[in-house]
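Note that chain A is present in both complexes that follow, paired respectively with chain B and with chain C.
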Partner chain A sequence: MKTLPIRTSYLRRKKIIDLAARAIFLLAGLIAAAMIVLIFVFVAGRGIQVFLPGYANAQNLGEFLTGMRWRPDLSPPVYSVLFIVINTVITAFGAAVLAFPVSVMTALFIVKVAPKSLRLFFTTVVEILAAIPSVVYGVFAAGSITRLVSGLAAAFGYTTYGGSSMLAVILLLAIMIFPTITSLAIVSIASVDRNLELGSLALGASQMETNFKVVLSAAKSGIFAGLILGLGRAFGEATAVSMVAGNKMFGPTFNLFDTTRTLTTTMLSGLSETAGVDYDIRFSIGVVLMIVILITNLLIRYVKKHIGGVTNE
Partner chain B sequence: MSSRRKFADAVRTAVTWLSTSISVFVLAAIFVFVFSRGWKTLNWEILTSDYHPKNIMANVVDGEPGQFARPDDLPADAVFSERYGFALTDAVDHQKEKQMVLTYIADDSPLTAAVNAASGPTRGDPITITEDVQIQRIDYMSIERGRKSPAGFMGSQQTAAETIERLEADGESLIGFYYQSAGGGMMGSLLATLMLIGLTLAIALPLGVSAAVYLHELAPKNRVTAILRSLIEMLSGVPSIVFGLMGMTLLFSVTALFGITTQSILLGAMTLAVILFPVIIRQTEEALLVVPDGLRMASLSLGSSRTQMIFRVILPNAVPGILTATLLSISRVIGESAALIYTMGVAINDKPEIGRGGTTLAVQIWTVMTGEQPNFELATAISIVILIIVLILNVSVKLVSARLNRKWRT
Partner chain C sequence: MQDTTAFLAADPAGNIFEVADLDVYYDKFQALKKVTIDIPANEVTAFIGPSGCGKSTLLRCFNRMNDLIEGCRIDGTIRMEGTDIYDRQTDVVKLRTEVGMVFQAPNPFPMSIFDNVAYGLRCQGIRDMKILRRVVEESLKKAALWEEAKDHLHRNALKLSGGQQQRLCIARAIALEPKVILMDEPTSALDPIATAHIEDLIEDLKKQYTIIIVTHSMSQAARISDKTAFFLLGDLVEVGETSEVFHVPRDTRTEDYISGKFG
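After this line comes the complex of A and B, so read on.
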């Protein structure tokens, strides 16, 4: 048998090209993975800078974290975020309280209850809601939710600033996080082991009892993942909320019909220059925002462990 | 089954129906609101015109009066000039300011031939006076005073009727118009959005696809790779406004290398590319997953190198997945606002350039909504454009991924 001559130079070149390509692909992967670290380092770096002694008009960190006023218009300006954090948490959780049950019920309906012919229609509705950009939600909220809210306020004998209020923010956020929670709930409900269901039915439970007591608790892991994602969206949503929040200068706000101010609306309000303490303090808020989201994630993970009985792993 | 349990079941079923109908109602409400407010405003003119109105001074070539008949289809509130053949209508713009709009020009009216009267190199160039411009002042030769006189807001007339009356009574001939082009269009933002989409994809696709190829085809299955994956996954949990902050610190210094010292479309594109990494990597990986291992082995056993295998066999077969990633990315770019407010600014730019700031359609909505008087008409009109594009993209994603799933089914 004659052996085919393969030149070693060709093999070596092949190897070099392989190594080079591998290095390039690895570099791309490293860049993508490094971004999250870089984001935190750079945003935190510029956010902390405001409190360091060398900074012109340096702020007091303790006052920033515990104060109840946000007055960039005063001289010297006062920046403190505690009431903003409280507002943000109230509005986000308020939205979650409204949206979560509706989302889970909708997901259950789409997967288990709806007639097969309607399933695609309702799934599409949720997908379209998820695809609508946040500014469009903002325009919708500023034009119609605010009107609804000011009507409601009038009925209860309150006055609002053109409908811009905490209630408007909560309703808007509830609508915006609904598709997020629903689509994750749909996936997790659909992936519940059919045998669990059959077991429950065989023990004499009706289909709806099975859906509510067995399917939902078996799907809780995915449902809570959706809740985390939804809350993350509620915390991070900026443009739409800014259109209806009203940006109150002190707080915290507990009256549903009063204006409010969240971390993100503060970051967007009065944005004009790109230097100075009024600009750099927004990076500090960014850091606070990320910490709030992180703490919420941990909290929900803890809650999830203590709810429901059936595991689906 | 006891009647009580039956009742409880009925309630449970009703609750799920009710919940779902809420979502349908909300979606319908959004569409009804956006279309009912914006549909009237949306037309070809607004798609292709600039946002900032331009002041134009135009002199008519031949201002001698003639005889014109009022056309029958002219609305009752339009005031018609029988000697000069045009009509003015009183209007209020979205800033609640009184305006006089030129609503009709007769076919052989003096207005049909005009030249630029503003000083500068373009003086004397022909100008077409179009309908729907806002008239500030009309210059005419006055019989009473025997010299050039102004009429309109910058004369002393406050309404279209007074202005026309003055011209008809005192005008020996027509000299020229000082007017504002209608403005309020979205052409600049449309162009900026297209530039942003192109640039973002040019940055994000090569990097994202390469990263996905590394993670799926080349990376060893160990702890380090798992950490890389979860770091990338964490990106998708960061709020977009924080990406905006990141753009202004980290990426701003990168664009500074290109000599760009302000917020710019390039900066916006780089920031969006980072936002899109997790989306593109996940979609591409999903496409790589369904490429059968047999293809890899066949390719390698025929003597191809790994690089050849990736570029000749794997990637061509992953094209539908990459296409899905592209479509999702475009839809994300069109909808993004918070990050772009930081990195591209909020000033609407009618002539966008890569190295300068500008607004996308979404940011233009933000700008017109947060001005002194929110401009709902324009905001909802732009919303319709965005909604239509996003819906088309969504349908395309479904079609493409249906194709992807069909391909390897045996």
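After this line comes the complex of A and C, so read on.
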């Protein structure tokens, strides 16, 4: 028999608190999941109806998915998104291709190369960059990146519409996703086990060999999580992109100096001053955008799994 | 201190390391005080002593891993086969290929078993797959991991058990054909069976390599080492044949530690 004065009332209360806490967590999880489902159901429901018979000015789904023109000004209007999807993928991946290596190198520099006293300063700068609202990036791009682009275009013998172009969109998005990828890469590089580095150095590797071969591969998961978030931002950014895209009405755009149109800019432009099919079709684009992002995430997961020659089975 | 010089005089030729008057400081803290010790080649030397006695510090001097610790300062000399390894001319990378190290907790890289073992060679610019394959196989055999690993060479090393990971780390060090293998409490994170595997392996390896092992387990030191050095608060208290240190210690402090009066 225990001689300790254990209080059974306290034990009972502990059990109840445990159950209550479990219920609260379950509820929180359910709410989050329900929100995602609700958003998807609402957007998809509204997006699908324009293709159903009985809808005024009903659209053809096949044409919507495969066409290369967006002409709400014609009568009857033409809405098709394939070229917009292509434009979106090109600009988002173009931005990622520019930003990803720079971000990873910057993170590596901040964590492993820069003197300790500067580390906090650089990290803070990156965090501030990540927190700047997108509309600020937008005016910056409209005011300066477009000038740079039109100057560059002139040098190559092209003309632009005041600098609004695919190149401007890519540069803008690259700048915008740079802090996202960098700050996640900083966290994951900084959390790499010091013993892995020491193990590498003890095998006669140089500090740089260690950084590139061991530290980066150990930080791979976090770095790719940053890439996914960055690409998500690139796909989803509407406000800033609208300010420099030029919203071309056909495509796809392959010329860097030509104007472009992305899924988000199409959803955003004129949203508050339209009705009927022209309004509802934006929900259809929303569904397309969600699917594009989903496919991209799956693709990156696949790449991550197969990089570095390690099979995980 | 007289004991160590007597030991030096007894066998001057077969020493791979000769440490003389070594002081090591971490900022203002002195971790080792005027340590003089010889490490005989092709034997197992065990460093024992309570935590903070400086035994791991001395171990890390032999492959200059202390260079990586900020505020670490070293006075005195360590000669490896007659050459001062703290000389300005010393190539640290080359030194570390001669003096391998196995850490307290297994630290395989997050890559395949093959790439782990080939890592050191690739860092030396060896790319020829024929050579890499041969060395990986030989090293894994020497580390008694080949039978378990040969069918999964391209599997992630992190999938191995703790004991297998530690043998992989030994294989990784052996691949560079070092003269010395430093082991810093290599079994402290392992279960008794995995520990027994590693101890058997050390018994095998000493035929080809000089092994210096830091251990908290006195029974381990007694089982596997030829020479034992006892450290206390930065002093080398006693060094000699393991059987002598354990059965007829010359210093009362050694006797107290070994008999479990403090630890």
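Note that in this section the second predicted complex is superposed on the first by the 271 of 313 C-alpha atoms of A that agree within 3 Å, B and C clash if a C-alpha of one lies under 4 Å from a C-alpha of the other, contacts with A are read in each partner's own complex, and residues count from 1 in each chain.
We adopt the following convention: a residue touches a chain if its C-beta (ideal position, glycine included) is under 8 Å from a C-beta of that chain, and two chains touch if they have at least 3 such contacts.
None of these values were measured; they are calculated from a predicted model.
J.: With both complexes superposed on chain A, which partner does A:A202 reach: first (chain B), second (chain C), both or neither?
T.: second
J.: Scan A:F109 for contacts with chain B and chain C and give back first, second, both or neither.
T.: After superposition on chain A, A:F109 lies in contact with chain B alone.
J.: After lining up the shared chain so the two structures overlap, which partner does A:A218 touch, if you call chain B first and chain C second: first, second, both or neither?
T.: In the superposed model, A:A218 contacts chain C only, not chain B.
J.: In the overlaid three-chain picture, which partner chain does A:L98 touch, first (chain B) or second (chain C), both, or neither?
T.: neither
J.: Have a look at where A:M249 lands relative to chain B and chain C in the superposition and call it first, second, both or neither.
T.: Neither partner.
J.: Go through the superposed model and pick first if A:D193 touches only chain B, second if only chain C, both, or neither.
T.: Second partner only.
J.: Should A:L65 be classified as contacting the first partner (chain B), the second (chain C), both, or neither?
T.: A:L65: touches no partner chain.
J.: Please indicate which partner A:L152 is in contact with in the superposed arrangement: first for chain B, second for chain C, both, or neither.
T.: neither
J.: Who wins on chain A residues touched, chain B or chain C?
T.: With both complexes superposed on chain A, more residues of chain A are touched by B.
J.: In the superposed arrangement, what residues of chain A touch both chain B and chain C?
T.: 206, 209.
J.: Touching residues of chain C toward chain A in the complex: what are they?
T.: Those in contact with chain A are residues 63, 65, 68, 93-94, 96-97, 100-101, 103, 105, 107, 109-112, 115, 119-120, 123-124, 154-156, 169, 172-173, 176.
J.: In the complex of these two chains, what residues of chain A are touching chain B?
T.: 14-15, 17-18, 21-22, 24-39, 42-43, 45-46, 101-103, 105-106, 108-110, 113-114, 122, 125-129, 131-140, 142-144, 175, 178-179, 182, 206-209, 211-212, 229, 232-233, 235-239, 242-243, 264, 267-268, 271, 274, 282-283, 286, 289-290, 293
J.: Over in the complex, which chain B residues touch chain A? Could you list them?
T.: Answer in residue numbers: 1, 5, 8-9, 12-13, 15-20, 22-24, 26-27, 29-30, 33-34, 37, 206-208, 210-211, 213-215, 217-219, 227-229, 231-232, 234-235, 237-243, 245-246, 248-250, 263, 274, 277, 281, 305-307, 310, 331, 334-338, 341-342, 346, 362-363, 365-366, 369-370, 374, 376, 379-380, 383, 386-387, 390-391, 393-394.
J.: Along chain A, where are the residues that touch chain C in the complex?
T.: 193, 195-196, 198-206, 209, 213-214, 217-218, 220, 308-313
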